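Chain lettering (A, B, C and D) follows the sequence in which the chains are written, and residue indices restart at 1 in each chain.
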Amino acid sequence: MNENNDLKVISLSELKKFLVHGRTTKNVNPLTLFWTGSSLELNVKGSELWIEIESDYDTYEPWISIMINGVQVSRQMLVKGRYWIPIFRNMDHQAVKNVKVIKEVQAMPSDESHCLQIYGIKLHGECLPVEERKIKLEFIGDSITSGEGIIGAIQEMDWISMWFGTKNHYAFLTADNLNADCRVISQSGWGTLSSWDNNPHGNIPFYYNEICGVLTGRKNQMLGAFEKNDFSTWQPDAIIVNLGTNDEGAFHQPAWKDDETGESFEQKMIDEKTYDVLDLKRFEDSVEAFIEKIRKNNPKAKIIWSYGMLGNVLLPNIGRAICNYKAKTRDKEVFVFALSNMTEETMGARNHPGALAHQKAAHELTIFLKQLLELK
Amino acid sequence: MNENNDLKVISLSELKKFLVHGRTTKNVNPLTLFWTGSSLELNVKGSELWIEIESDYDTYEPWISIMINGVQVSRQMLVKGRYWIPIFRNMDHQAVKNVKVIKEVQAMPSDESHCLQIYGIKLHGECLPVEERKIKLEFIGDSITSGEGIIGAIQEMDWISMWFGTKNHYAFLTADNLNADCRVISQSGWGTLSSWDNNPHGNIPFYYNEICGVLTGRKNQMLGAFEKNDFSTWQPDAIIVNLGTNDEGAFHQPAWKDDETGESFEQKMIDEKTYDVLDLKRFEDSVEAFIEKIRKNNPKAKIIWSYGMLGNVLLPNIGRAICNYKAKTRDKEVFVFALSNMTEETMGARNHPGALAHQKAAHELTIFLKQLLELK
Amino acid sequence: MNENNDLKVISLSELKKFLVHGRTTKNVNPLTLFWTGSSLELNVKGSELWIEIESDYDTYEPWISIMINGVQVSRQMLVKGRYWIPIFRNMDHQAVKNVKVIKEVQAMPSDESHCLQIYGIKLHGECLPVEERKIKLEFIGDSITSGEGIIGAIQEMDWISMWFGTKNHYAFLTADNLNADCRVISQSGWGTLSSWDNNPHGNIPFYYNEICGVLTGRKNQMLGAFEKNDFSTWQPDAIIVNLGTNDEGAFHQPAWKDDETGESFEQKMIDEKTYDVLDLKRFEDSVEAFIEKIRKNNPKAKIIWSYGMLGNVLLPNIGRAICNYKAKTRDKEVFVFALSNMTEETMGARNHPGALAHQKAAHELTIFLKQLLELK
Amino acid sequence: MNENNDLKVISLSELKKFLVHGRTTKNVNPLTLFWTGSSLELNVKGSELWIEIESDYDTYEPWISIMINGVQVSRQMLVKGRYWIPIFRNMDHQAVKNVKVIKEVQAMPSDESHCLQIYGIKLHGECLPVEERKIKLEFIGDSITSGEGIIGAIQEMDWISMWFGTKNHYAFLTADNLNADCRVISQSGWGTLSSWDNNPHGNIPFYYNEICGVLTGRKNQMLGAFEKNDFSTWQPDAIIVNLGTNDEGAFHQPAWKDDETGESFEQKMIDEKTYDVLDLKRFEDSVEAFIEKIRKNNPKAKIIWSYGMLGNVLLPNIGRAICNYKAKTRDKEVFVFALSNMTEETMGARNHPGALAHQKAAHELTIFLKQLLELK
């Protein structure tokens, strides 16, 4: 692109004036973005901006989107390598632009090479500080919260990076509505107790205390993904858990078996309409245990179990788990919230909630959280 | 009004070709409409129609609305007395019009004189048969289901008949959407265990087996309100229970005391945010017991506990009650469904859900019931 | 209805504290409501209100609606005779209620007996003054502006009073949006030059200067309908003319003939798609002449020719007429405004705009008039 | 990016199975995309696709968007140079994907270097033929039709490529709704008679007969931009002209002067509200002349002058011009259509119509064109 001789190159470690969203390590040389919606935020007073990224993958390539003053202006697949990406050119030198570079894709355990990093920027102008917002929200979930199918035609069925996105995503819309910072912890197909196919290792609670423990491989280890998360540095006001959809799905799948260890696991139906009572209890216990784990790390957060969008069969069980937890602990700050089901009209790609379903959920959650957090 | 010499007067007992909606006795000479949304339905091939009603009250006057081909064309307060009301004039003599005359107001226990009856019709033309619809829905609830505040400016606070209505009412919208017949059993302020002010007699379950047992007085007794309801004649496909709102409200009210008997009752808070565990249990038991009672009388109905619109604090407890009931009985056809809360934008009169809130609830329930009843 | 011994009867001539909407005479003993949406407005501080009306007709009966604090609570067919109608009961005695009793039906030239009059009120409480609103709007039109088909199922085709209404009516919605008083001058089927069937007497301009000159018969004459309107007492800020739809329709109808006088009239097509140029010119001249007539009586009003909703073929011709008028007179305050066409989704009864089409038109006009009148 | 050894490289001249949208030359080695929304369309049966482009500019860089099966999955600024851009990877090899690579930015007369070209593709799989759609639409306009401000925050004021876009654009939405192919001829700031600042050379009609005559410079000449457009190869069913907004704006600007030639031009106001009659006439003549020119090249197209969105003051004058044209020529297939004005709620960047305003205009035009073209 045009040589602009006034451009200064600055590494993130020199820059300091920026804000990182999403759980990651303290290392910014380079900065690694792990989770869906993790991002680098800048306030740039100047006329031109570029950003230096490094992208890698074997199967699932990273995608980013770029927001200028809250509007998504670009979204692109990132080819392999380390290179500069233009953000804006020829803008009013005096005006301050808020810029976000956002990871569109979830953490990818099945592709150890998948990686997105940011080294620095070059710009004509200067960066101003970015303040943390007063409200902080953490969303924990599965494919719904990974934004799977939020983009793409209704007939798309490939499980590829392209159909993941953060625009019109219920978590980020809710955060925008409340002027909040937002983190997402999510994995497609996972649950509270097991994944959709009865794999008991596909559960978020087990990895909740690590920075990005759902990942695999030596590279991610070296990047610090498996280190303990430092909860003290980011205490959310509310934690919204959207799990249960895959736990319910597991009841309708065959048992999972680990051929090496012989280990197996199964949530069972007694007949077409009857869930095994002990298996339901096992799920309820996992809900109760996860709330305890979340509470231990986040003593002041409101905890909302927010379930729905793709069915609500386990809502009574989640209710029972929360009743039991509250009766036992006298913890007053745990709530259940039911999200409206996706309909044919609001479906996106891969039979998942589309933009309209996410907007509806965000609308519902915004009203609920405003009251709960006594905002405005 | 104009004398039309071709008009024939026909009593309901002669007419036979009509359909009555809402629980009532077998007596049609005259027909008594007790509950919110109870109605007389006709298919009239002819050019002119009048209806003879009798209205009485001490305090809370009856209101009716008139629907022609599914559209509300009239709504009026009924002065005392027995008289003829014009329904339509000068219409195409050959076209068949579907007509409904609907009670807009709930059964009124606090006004023993409140009464609406229909004697017969006069018309130019003839009545054709009215078929029952294939799907039948029963809604059980409180002021929300009585349509309180569904009409009226947002500042209206008088508790009077005028602010009750059935247009844009979630139960009747849902029934329309599913092409279903619909009955409503509801009382403002009442709950599953007690009324909003801790009165343990203000509970719907106690009166569920009678035609309109919530009423009082010798006149209503003579009209048959307290007779056992004949469940065999009308078996609904789904029963939607929208109770819990006043049970929750009772926790925030002083104890109820009966000065005569010395009897008292109270649901208690331990502190500002903590509900007494035993009182919660008492509520949960009442939910379980009511489901048992409903099931006994309606062996084939799907039972949906549908809660929300004015808060959802007791959702986990309703969930727990249903889990317990299902584990005990192996009854597979009981469900919980959360309705979206009313917002400032969707509020009607008397701080109750307005038309927009009812429309939203109807939209949500329609989607849910369509799947559950495997319609279309 | 219940005897309330505290009710005082007051004739309108004694009362004085009320506001009359719609062109009528100065006589209030009784008050005659002629036009669509003509109404009596009261501010009542008290607990109970009745109104004494007289209704007459041969074919087309009057209907009224009742608004309390801006919400339509009742709508009813008026049987013949002079009698009392209850408006409200048992309301908070101290609260002031704004009440409107509105004529739902247009002036009816084809039924000389059609008549709606108001004699007085009885109430428990007192009336407070009603202020005129700062903005005044006059709407001139045809069936669209008469609210024909705004209520009723889509299959209704009878031309009867029941399918006329003022709720969701674009003129009254626009007035509400701008907090304006509003008058309507309208006749179904009429145009600027001729009616839909080429009758040259079916034109609004000819009768514009009389109170309700479109009516016929000795009774209406005695009521003052044919007297000159006193424009000095009510000068609107904007006059919205929605005519042209029937002028266009006339091109597709056979010539009109008066069998008695031999007079005939016709707007012609040259072929299926070509309008006769001289006939178009005749229409354009009538538009120009009507604007001149309106301007003469309303020197300060913005005049907006607002056309559409049921086709917009003559829009260029209306444009040309206005260009010619403005070039000739240097009148700067004349405008053309195109309303969106009704669609299948927004159609009401009798193939006319339904509530949704009226709401859309009101939305468009509100935005336009706000800018034009420099409101807020 | 990953080396996929199965990828075949194919130049456009070898490929043949593709469709080009937007006026351009016959040369596809490489293909030059000149206008807003010009695009290359492919049907790809295969698992991976890349596209080789060349981008150049001095000031205003090109942007593209990528559509897969009708959904925009990517949008990006194009740095200078010739290089490969990934379109999709790892998709179902058997499924056919419809792909469009679209120029997001208008033709740029003020940047002679601005250029976007496509050389070829590489893919794993094969291309299938792309059929022309049965309906063809041509949109002619100014900044509105260039999609200026359709993307970007409301505060954005820089005139840069980033704020131009084709998503949610009224022309392309309308084409989608009608399943039509679509071409856009547009220039920000230009009009029928002059540009917004009274420059008489800023008029679309003068360049209408050339492929992209609005451009400048030797490079564009060599690319064939100034050659006569071959109208015989693409005859639209309807031509929608959205001009007049800048012609109206010119009345409020000082005269334009060419310092070299001494030439000057001005459309004048007589006073704050009065447009000079002769200047209005000059505008009307230019409208009439442009319709004649369009008709000459498109003998069978419906011609719709579609005006509004940013004010409608000249609507009567456009109406008069069309009346005059039709009276003179007996051409029956010329129409005027008024688009709804943008409101505060529907505004985008740079005070231009945003996505909501474009969607509204598309909805209105779709209904109108469906009737006019007798579709479905």
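In this text, contacts are C-beta pairs under 8 Å (C-beta built on N, C-alpha and C of every residue); 3 or more make two chains touch, one makes a residue touch a chain.
Note that the structure is predicted; figures quoted are calculated from it, not measured.
Identification of common neighbours of subunit A and subunit B yields an empty set.
Most remote chain with respect to subunit A, judged by CA-atom centres, is C.
Taking the mean of the C-alpha atoms as each chain's centre, subunit C and subunit D sit 44 Å apart. Note: centroid distance subunit A to subunit C, computed from Cα atoms, is 57 Å. With centres taken as mean Cα positions, subunit D sits 38 Å from subunit A.
Shared interface positions of subunit D, defined as residues touching 2 or more other chains, are absent.
Chain contacts here close into one cycle, and each chain has exactly two touching partners. Chains that are in contact with each other form these pairs: A-B, A-D, B-C, C-D.
Residue ranges on subunit D touching subunit C, taken from their complex, read 273-274, 277, 280, 308, 312, 315-320, 322-324, 326-327, 330, 332, 336-338, 340-341, 343, 364, 367-368.
The part of subunit B that touches subunit C in the complex is made up of residues 1-2, 57-59, 61, 68-71, 73-77, 79-80, 86, 88-92, 151-153, 155-158, 160, 162.
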